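Each of the two complexes below includes chain A, the first together with chain B, the second together with chain C.
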Partner chain A sequence: MMQFAFELKKIIFSKKLLYIYLLLIAGVALLFVRNVTFQSYIEKEETERIGILVQNSQNLNRMYSSTLEQDPEDKDTQKLKVINSSMLEKLYELRGMSMDKWKNRATIENAFLEQVLHFKEEGGAYDLPVGEINKMLAKNEKHLAENIKPRHATYSMALPNFLKLVVDLFMNFGAMIILVILIGEILASEFETYSINFLYTQPIKKGTIITSKFFSSVLVYFLTLFVLLGAAALVGLFGFKGKYKYPVMIERNGEVDFITIVQYMVQGLTVVSVTVIMVIALLLVYSLLFKHTLSTVFALLATMLAGYGLFAFIKWPSFFYWLNPFQYLLPEERLLVRNAGVDWYQGIPVILLLTVILLLIARKKIETSRIS
Partner chain B sequence: MLPLIQFEAIKTVKSTFFKVVLLALTAFIIGYYVFVYMNTTRAEDLLAEADEWLFMTQSQLEELEAAAASGQRDKDSKEYKEEKKMLEEFWLPRYMDEVEAFKNKDYNRMLEMEIEHRRTTLVQRLAQGDYWSTLWPSLFTDESGSAKLEWMYEKHIQPVLPISVFADLTLHDKHFDDPQVGESIKKFSVRYASDGIHFMEHLTTLLFGVFGAGIFIFLFGDIVTREGLGENGPIHLLRTQPIRGYQILASKFIMVLVGTVLLLASISGLALLIGTVFDRFGDMDYPVLIYGEDYAFTFMEMSTFLLKSAALFFMVLVFCYSLLFLFSLLVKKTAVAIGLMLVTLFAGLKWSEQSVASTWAHYQPFQYFSVPKVVTNELALTAGNFAFSFSNGLLVLVVASAVVWAVIIAVSMLQYRFAR
Partner chain C sequence: MIVQVKGLKKKYKKDWVLKGIDITIDEPQIIALVGPNGSGKTTLLNCMMNLLTFNEGSVEILGKPNGDPSLFNEISYLQDNRILYGNLTAYDHLKFICRVQKISFDRIQEVAERVGMTGYLKRRVRSFSLGMKQHLLLAMAILNKPKLLIMDEPLNGLDPTSAINVRTILLELYKEGTTIIISSHVLDEIDRLTNTIYFMKDGALLKESLEKLTVTNYELTVSEPEKAKRILDESGLPVTMNELGHLNFKETDVPLQTIIDVLYRHDVVIAYIDNHKAGAEKRYRELFEERSPV
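Right after this comes the complex of A and B.
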C-alpha cells in the first residue's frame, strides 16, 4: 500500500500531469469555440448538399427532354421524367425552407427519398445508393417519432452531442496517446536512470512494484477521464441543453437500429477503459523486456497497430469477437456495426483475462530480475 | 561541425533500437513484396479465363448449329442468322485473339484489342457529354481509362493486368447501380504489379503518409532527449567541449536529414532490387493519372511521380522532425515528446480533414501528409481546391518548418539564459 501511495504521488503531484490536464481543458474549450464558430457552416453544408441533388435532377431532366425530343413516344422516359420533376419540386421546397423548421424538412426529405426509391425501381439512375436512402429515411422517422431535433455530427453545441464528440475523440486515439504521455515511461525510465536499483534495495516484494505501478496508472487514467468529461460538461453548459435520448444509428444484423447517445457513450467508454487497462499491463511487460522508453513505446504502438490490422483487414468468423483483444482500439465502428449476432461487449472477458496474464508475466519477470 | 555530425551518426547507427527498427522495416518490405507478388495478375492467369470463354463460345455455336440441324431452330430466320453471325464474326475471333495474345504475352496486342473494344461506347458517351453523372463508370473514367491504354500502346509499355473496364475506378465514380457490383469493382481496381518500379509505387502509397512519418519519427525519437536535458545527462559533458550550444542541435538535425535521405534512397533501392530480381525492372514512363479541373486530366511518368512523392515526403519529415526537436526541448522526456508529437499529428490531421473545404486550407502543413494524393491532385479534386499542389505543398512545409525552427531557437535561447 505504501508503494502504491508512493507511485500515485509521483504521478499526481508531477508538473507533467498538471500541464497535461491544462492542455486537455484548453483543448475541450477550443473544440467548443470551434463548434460555435462553425454554426454558419452547418447551413452552408446543408445548402450545398441539396444543391448537388438539385443539379443532379436538373441534369436528368435535360437528358430526358432531349431523349423525348428524338422519341416523344418513349413511355419509360416519360414516366422517369414525371417522377424526377416531382423530386425536383421537393428539393426546391427543401432548399427554400429554414433550418429551424426541422420537422417539416424531415417530412419533405422523406417524401423526396421515397420518390427516389420509386424512381430507381422504375429503372432511373440516381446518385444516391439505396442503402444510404434507407438510413436517411429511418433517421428522419426516428427524430420525428421521438421529437428530437437532429444535430450536426461534428459541430453540435448541444451538451449531449458535444459530450459525444469529446468521447469520440477520446476513444479514437485520444486515450492511447494520453496514456503514452502520462505513463509511457513509468517503468522504463526507472531502468534508464537506474533508480530501479534503489527500489530493489527497499524492504518490499519486487512484485509489488508492478502492482503498485499498475494500479496507480489505472487510477490516473480514470482521473484523466473524469477531468476530461468534467471539462466537456462544464464547457458544454454554454451551449444548448439537448436531449440525452438523442438517437445514434447503428447497424444490427443488417438492419438499421438505434441506441441513445448515453448508451453509446457508456458502452464506448467501458470498452476503451477495459482496453486501456490491458495496454497498461502490456506497457509494464514491454518496459521490463526493453528497459528503454523509446523501444517500449514503439513496441507498444506497433503491437496495437499489428493487432488492430490483423483483425480489421481479415474477415474472421463471428465467434472470434470473444477471442480478439484488439477489437476496441478504434471502437467507433465496432459500436456502430453489430452484425451476425455480435453485440458490443463480447471482447471484454478476453481483454480482462489477457490483462491478468500480462500482470502475472510482469510480476514473474521482475521477481527474477537482479540489480545491474 | 562535421566531426559532431559524424559523432551523432555513429551514436544513432550503433543504437540497438535503430538497428532493430531497420531490420523490422526490411522484413516488412520483404513481406509486403511477397503479398504484392502473390496478388499480381499475370498473363497466365488471364489466359485460363480467356480459354474458358473461348470454349463456352465454341460450345454455344455448336449448340446453335445442332438446334438448327435438328429443326429446333429455323436456320433461315433473322434471329438465328444474327445470333450465329455475332458468335462467328465477333465473339469467336475476339476470344481467339485474346487467347493468342495472352499465350504469347503480346501486351501491345492486348492493349490494341481493349482500346478497340472501348472505342464505340466512348465515342457515344463523349457525344452525350454526361460528365456530371457520378455513377460508375463515369465518363471521366471511360475517357481517362482509354487515354491511359493509348499512352501505354504508343510507348510499348507493359500494362498492369487486368486492363478491362471493370478494373477502372476514379474519384468521379461515387455511386454504383448495385452495391455488390460496387464492391467487386473496388476490389478489381486495386491492381498489384511486382516489377521494381511498381513495387516502389506500392511502397510509396503505403509509406509516404502518416504511417511512414510515424516510423521515421520513432527512428530518431530520442535524438535530443537522450542527452538528458534538464537532468544529469551527457548534455553537460557536451557543453564542456569546445563547441557552441547551437552546434549540438544543428548537428543533430543535419544528421537526421542526411540519415533520412540515405534511408529513403536505401528503401527505394531495396524495393527496386527485389522487384527486378523476382520480376523485372518495370517501365519508368508508366502513366500515372493526374486529375485536373473541370473533368480534365493528364498523365505523369511514373519516374516523375516517384521523385515528386519522395521530395514532398522528405519535406513532411523535415516538418515532423522540427516539431519533434521543439517538443524534446520543451518537455525533455522521450515518451512525452513522442506523445505530444502524436497528439499534434492527430489534431493536425483532424483539423485538416474538417477544414479541407475552407479557402485557407492549402496553407495548412498537415494537409500535405497524404503525399501521393497531393502529387496526383486527388486531394485537390476532393477538396475542390486546386491550390493543393506539389509546389504549394513544398512551400507550405518549408515555411512551417522555418516557423517551428524560429520557436526552437527562441526556446533554446531562453532555456540557456535561465539555466545560467
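Right after this comes the complex of A and C.
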C-alpha cells in the first residue's frame, strides 16, 4: 500500500499527466464545437441524400416513359412506373418536410423503403441494397416505437450521442495511445535513469514494485477515463438532453438487433478497460526484458499489431474468439457484429487470465533483475 | 561482523572488473574507497548492495546475505543523484523511506535540520541544484540511523560549506557507531575523514593505513605575502603563492612550528592557517602515476 501510494504520486505529480488531461479536455471541447458548427451540414446532407434518390427515381421515370412510348402495352414497365411514381411522391414529401417532424419523416421514409422493396421484387433496379433497406426500416421502426428522435451519427449535440462519440474515439485508438504516452515509461525509465536502485535499496520485496506499479497504472487509467467522460458530460450539457435509451443497431447472428446507447458504452468501455489492464501487465514484462523505454513501447506496439492482425485478417474457427486476447483492440466492430454465437464478453476471461500470468512472470522476473 | 566480502569476482563481457575482492570489517570505522574512473569502485559497491550480480564470491552484511531486503532497515546506500524522482518533493522521498522502514515522520525534520535542507524540503526535486540533490541523498541515507552507510561520491557538487557540513555529519555518525564506506575522488576530504583507504587498481583492492604517512598540506594567510614568500624561500622552505596571496606548502614534512618560527622572527603576522594531512593524494599519485590524475 505504501509503495502503491508512492508509485501513484510519481505519475499523478508529473507534468505529462497534467498536459495530457488538458489536451483531453481541449479535444473534447473542440469536438463539441465542431458538432455545433456542423449542425447546418446535417440538414444539407439529408437534403443531398434525398436529392440523389429523387434524381434516381426521376431518371427511372423518364426511362419507363420512353419504353412505354415504344411499347404502351408493356405490363411490367407499367407496373414499375406506377411504383416508382409512388416512390417519387414519397421522396417529394420527404424533401419538403422539416427536419423537426422526425416522426412523419420516419413514417414516410419507411413507406418509401417498403415501396423500394416492392419495386425490387417486381424486377426494378434501384441503387439501395436490400440489406441496407432492411436496416433503415428497422432503425426507423425502433425510433418510432421508442419515441426517440434519431440523431446524426457523427455530429450530434445530444449528450448521450456526444458521449458515445467520445467513447468511440477513446476505445478505438485513444485508450492505447494515452496509455502508451502516460505509462509507457513507468518501469523501463527507472532502469534508464537508475532510479530503480532507490527502490532496490529499500526493505521491500521486489515483487511489490510490480504490483504497485500495475495497480497505480490501472488507477491512473480509470482516472483518465473519468476525466474524459467528465469533460464530455460537462461540455455535452451545452447541447441537447437526448435519451440514454437511444438505440444502437447491432448485427446478432445475421439479424438486426438493438442495444441502448448506455449498454453500448458500458460494454465498449468494459472490453477496452480489460484490454488496457492486460496491456499494462504486458508493458511491465517488456520493461523488465528491455529496460529501455523506446524498445519497450516498440515491442508493445508490435505485439498489439501482430495480435490484432493475426485474428483480423485470418479466419479462425469461432472457438478461437474465446482465446484471442487482442480481439478488443479496436472493439467497435466486435460490439456491432455478434455473429456465430460469439457475444461481446467472451474474450474477457482469457484476457484476465493472461493478465494474471503476465503479472506473475513480471514478479518472477524482477526478483532476478539487476541494473544493466 | 559488519561486512564480509570473500573472493568477489565480476566480469563484464570478457573483462574481469573485480578480481577477487576480500573485505572484512569487524568494528565501526570509516573506510575510503579510492581509484580512478573505471577502476571498479561503483561496481564493487553495487555488487555489495545486490544491485549487480557477480560471478564468484560472497557478500555478507551484518551477518545476513546481501540479497536479504530486510538489511536495508539497518544499512543505507547513498548513490548517484539520478535515483531521485524529479516530480516528487524531497519530503516525498523521505516520507516513503519512513513508511517502508517504519521510521517516525518526526525524524524527517530532525534529519533535514541536520543536513541543512529545511528550506527546500517541500520543493520538487526537478528544481534542485546538484548540491541540493546531494543534501537530499545524504538525508535519505541517514534517515534510518544506519549501522553501515555506503556512499558513492557523496561530495560531488557540494560547495565548500556543504562539504564541511557533510564531513561533520559523517564524523558524528562514526562516533555514534556507524561504519562508513565512502567512495570519492575528493582526496583532500578523504584525508580529513579517515586514515583507512582501500585503493582500487585494475580490479584489485589495496588496503592502506595512512597513519604512518606524515605529509601535510598547509595554507597560510599572512600580512605580507610576498615578503613572507621571499623569507621562506631564503630559509630553505620553498613555498608557492596562489592568486589570492595565500602561501601553500604541498605535501611537506616540515613541521608547522618551524614555518611559524621563521615568519615570527621576521615580523610577519599570520592571520590563518589551514593544515591537514595529504597522505591519500600522495599515495594515490604513487599508485596511479601512469594514469592522469582524477
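The rule is simple: the second predicted complex is superposed on the first by the 370 of 372 C-alpha atoms of A that agree within 3 Å, B and C clash if a C-alpha of one lies under 4 Å from a C-alpha of the other, contacts with A are read in each partner's own complex, and residues count from 1 in each chain.
In the analysis below, a contact is a pair of C-beta atoms (placed from the backbone, for glycine too) under 8 Å apart; a residue touches a chain by one contact, two chains touch by 3 or more.
Computed from a predicted model, the values in this text were never measured in an experiment.
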item: Which superposed partner A:118 touches (first chain B, second chain C, both, neither); value: neither
item: When both partners are placed on the shared chain, which of chain B and chain C touches more of chain A; value: B
item: Which of chain B and chain C A:2 touches, first, second, both or neither; value: second
item: First, second, both or neither for A:49, with chain B first and chain C second; value: neither
item: A:101 touches, of chain B and chain C: first, second, both or neither?; value: neither
item: First, second, both or neither for A:370, with chain B first and chain C second; value: second
item: Contacts of A:10 with chain B and chain C, given as first, second, both or neither; value: second
item: Which of chain B and chain C A:197 touches, first, second, both or neither; value: second
item: Chain B and chain C contact sites that coincide on chain A, given as residue numbers; value: 193
item: Footprint of chain B on chain A - complex, ascending; value: 16, 27, 55-56, 59, 63, 125, 127-131, 154, 169, 173-174, 177-178, 180-182, 184-185, 188-189, 193, 292-295, 297-298, 301-302
item: Sites on chain B touched by chain A in the complex; value: 16-17, 20-21, 24, 128, 130, 132-135, 174-177, 179, 182, 214, 218, 221-222, 231, 331, 333-336, 338-340, 342-343, 346-347, 350, 354
item: Touching residues on chain A, where the partner in the complex is chain C; value: 2-3, 6, 9-10, 13-15, 193-195, 197-198, 200-206, 370-371
item: Touch list for chain C against partner chain A, complex; value: 46, 49-53, 69-73, 76-77, 79-80, 82-85, 87-88, 92, 96-97, 99-101, 124
